[in-house]
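Order of writing sets the chain letters: A, B and C. Residues in each chain are counted from 1.
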Amino acid sequence: MSALAGKIAENLNKIRATQPLIHNITNFVVMNFTANVLLASGASPVMAHADNEAEEMVEHAGALVLNIGTLTDAWVGAMIRAGRKASELGKPIILDPVGAGATSLRTNAARAILAQTWVSVIRGNTSEILSLAGQDSITKGVDATHALTDVSETAPLLARELGTTLAVTGPIDLVTDGRRSLIIEGGHSLMPRITGTGCAATALVGAFHAVDKDPVSAAATALAFFAVAGEAAGAQAQGPGSFVIHLLDALYSLSPEEVEARCRIRQG
Amino acid sequence: MSALAGKIAENLNKIRATQPLIHNITNFVVMNFTANVLLASGASPVMAHADNEAEEMVEHAGALVLNIGTLTDAWVGAMIRAGRKASELGKPIILDPVGAGATSLRTNAARAILAQTWVSVIRGNTSEILSLAGQDSITKGVDATHALTDVSETAPLLARELGTTLAVTGPIDLVTDGRRSLIIEGGHSLMPRITGTGCAATALVGAFHAVDKDPVSAAATALAFFAVAGEAAGAQAQGPGSFVIHLLDALYSLSPEEVEARCRIRQG
Amino acid sequence: MSALAGKIAENLNKIRATQPLIHNITNFVVMNFTANVLLASGASPVMAHADNEAEEMVEHAGALVLNIGTLTDAWVGAMIRAGRKASELGKPIILDPVGAGATSLRTNAARAILAQTWVSVIRGNTSEILSLAGQDSITKGVDATHALTDVSETAPLLARELGTTLAVTGPIDLVTDGRRSLIIEGGHSLMPRITGTGCAATALVGAFHAVDKDPVSAAATALAFFAVAGEAAGAQAQGPGSFVIHLLDALYSLSPEEVEARCRIRQG
């Protein structure tokens, strides 16, 4: 997959050169970390969730990141307004369905956003992604497998059903639009012991998508960059506190050539 | 107090084995740090404050943590709804009355939560805890002492008045339900120079209470664990920034045996 | 400018001795970092934004910091209520017009706060500050220069127009009330790669203003202290993650004498 490795370096160079503005409507827990991850990587974050501001802000942005953690109805409304504007303007929307499946507010919010805006990439874990499936054969197939180990078979079907690209993260990440599938390896076991690593990965997909119109390539290169930085951080960390620090330092310090040499992306 | 030292190791093992979900309705300042403290310790945090989500989320949780910093009326409503549901389900509620006594909104909110839900443990500093006392002999007794140095005499009376367990933290911590009282020593002088250490301690009481039904034992072992981690962090820190990092690393790395050996709990 | 260098040491000593309460109504992204910067420096932060609490809280405070990031109309209302109360009580108000000029919500909010309260210091970057100018010769003069390199000529005019002190930060900082102008050098190139450094600087102006009634001296000494701490942190950091940690450690550890010796303030 050397072509895509080259694409990582190209995308990272573009982000650092152009510092694309990434508009985040995201949850309270991860706002600070998300902003710092974007800044360390070279992008420019902005957070704006007011009903009477979100549409205006999205006009300045290179991508819109919608994250449904710590949700209320008012935020869902702002997300949909901003998302419609981004759809109109042809700007990529990345959805993080945090906790979808856990409560009806979150599941319904994710589905409403999907129904009313053009989501380019959904980044979530297996259960969040699968909660977005309808009451049809896909879900039944998933129920039948129980263990969901074979998300690599289910995800392409779901991507086609939803008409979007899925970025399913976990110990190994999968990116698929239903036709092309890519597997990304790397990262570190401390990543799930820190709040907001998934949300930060979603925001990075936004930064890469702002400079790369292909959702599959944008999502895969973003996740591979994050995985390389996670590996570098894990090699130095003594626990989750120092891991966060080394992760931000790595996102800032890793050269495009280092990332290209270390990333592990292969056909799914 | 070797029995309770053994209880710390037992509780910590249970948290790391079962990763109990701790539902926090907490303030904006400390959400990220609280989540990271819970994750580092082995628990699973979730934050959800929407009126139409809080009750549903609490069904999944092992404990509910209510923290009244950065409050508005809407949040008080969600706290009470979630708290009533937790009371119905017999799930432990831990209240952090941040700033009670400083404004009427906060004092009234803490009292409303106490009146309308079954709070198992209140974790606060001396002035926050004492602001919850009624206009009776206890308060007058407190006023009479002025210096409040003798919280160890007042707190058991107040615990009985409120029908709950009090965890009063400061240079030395006191846990009492009015019959049993325990003193916890340890910690570090940098802890009050970091925002959210009290709130994080409250969340840890939630994690310990999720695996230990006795509120006195749960609160005392949680605070003793935090104190041991604080001591370990303080031994390495060069200021409040590095203290936070070492604290998270210590919460993650300390073995139950180390915590048991180093903790200092005694009869109050 | 040795007189003002001595003023830094004096102000820092006062903050550490009296721990003034700084009331912040600020944005979600930076609340935690702002609180930690204030605590590390010796001040006591409080965040309170409820309509029915903000006025009561400001009575306890030594200064009020209003920051318009992640704004909604409800927050603007609370800021104006708190600001009016602070104006009545003669307490200094520091405004951070985050993103003013980027959306009409933010530009209008900043102008409404300026119109309805007595703002003592505005701390922002060049474009935020200039967005507050009216439709008159100043703005046209700015448009004419295009590059805005000469903010040192424009800012004093704008300070007089707005009747306040301006603290314009960037690679070099400028503080002016239209009569006196001071230039502060220092800091580090990593500062803009971390979210909230500007907001933290604003909060520090609040802490210094709580102990120093002269807005020019308060703002200049606060920014010079922050610049010295930034330089110290930058000398040790390996990226933006470790920079944050070293910055908090430096704010806590630097002695007033060290800050006095290293600060660089000169007449503008």
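Basically, a residue touches a chain if its C-beta (ideal position, glycine included) is under 8 Å from a C-beta of that chain, and two chains touch if they have at least 3 such contacts.
Chain identities (UniProt): A, B, C = Hydroxyethylthiazole kinase.
It should be emphasised that the depicted structure is a prediction, and the values quoted were computed from it without experimental measurement.
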Cα-superposition angle relating the copies chain C (Hydroxyethylthiazole kinase) and chain A (Hydroxyethylthiazole kinase), to nearest 5°: 120
Interface sides of chain B (Hydroxyethylthiazole kinase) and chain C (Hydroxyethylthiazole kinase): same vs different residues, half threshold: different
Between chain C (Hydroxyethylthiazole kinase) and chain B (Hydroxyethylthiazole kinase), distance of the C-alpha-averaged centres to the nearest whole Å: 34
Sites on chain C (Hydroxyethylthiazole kinase) at which at least two other chains make contact: 28, 32, 244-245
Of chain C (Hydroxyethylthiazole kinase), residues touching chain B (Hydroxyethylthiazole kinase) in the complex: 28, 31-32, 35-36, 39-40, 45-53, 56-57, 60, 244-253
Partner chain B (Hydroxyethylthiazole kinase), residues of chain A (Hydroxyethylthiazole kinase) touching it in the complex: 27-30, 32-33, 69-73, 99, 102-106, 192-196, 237-242, 244-245
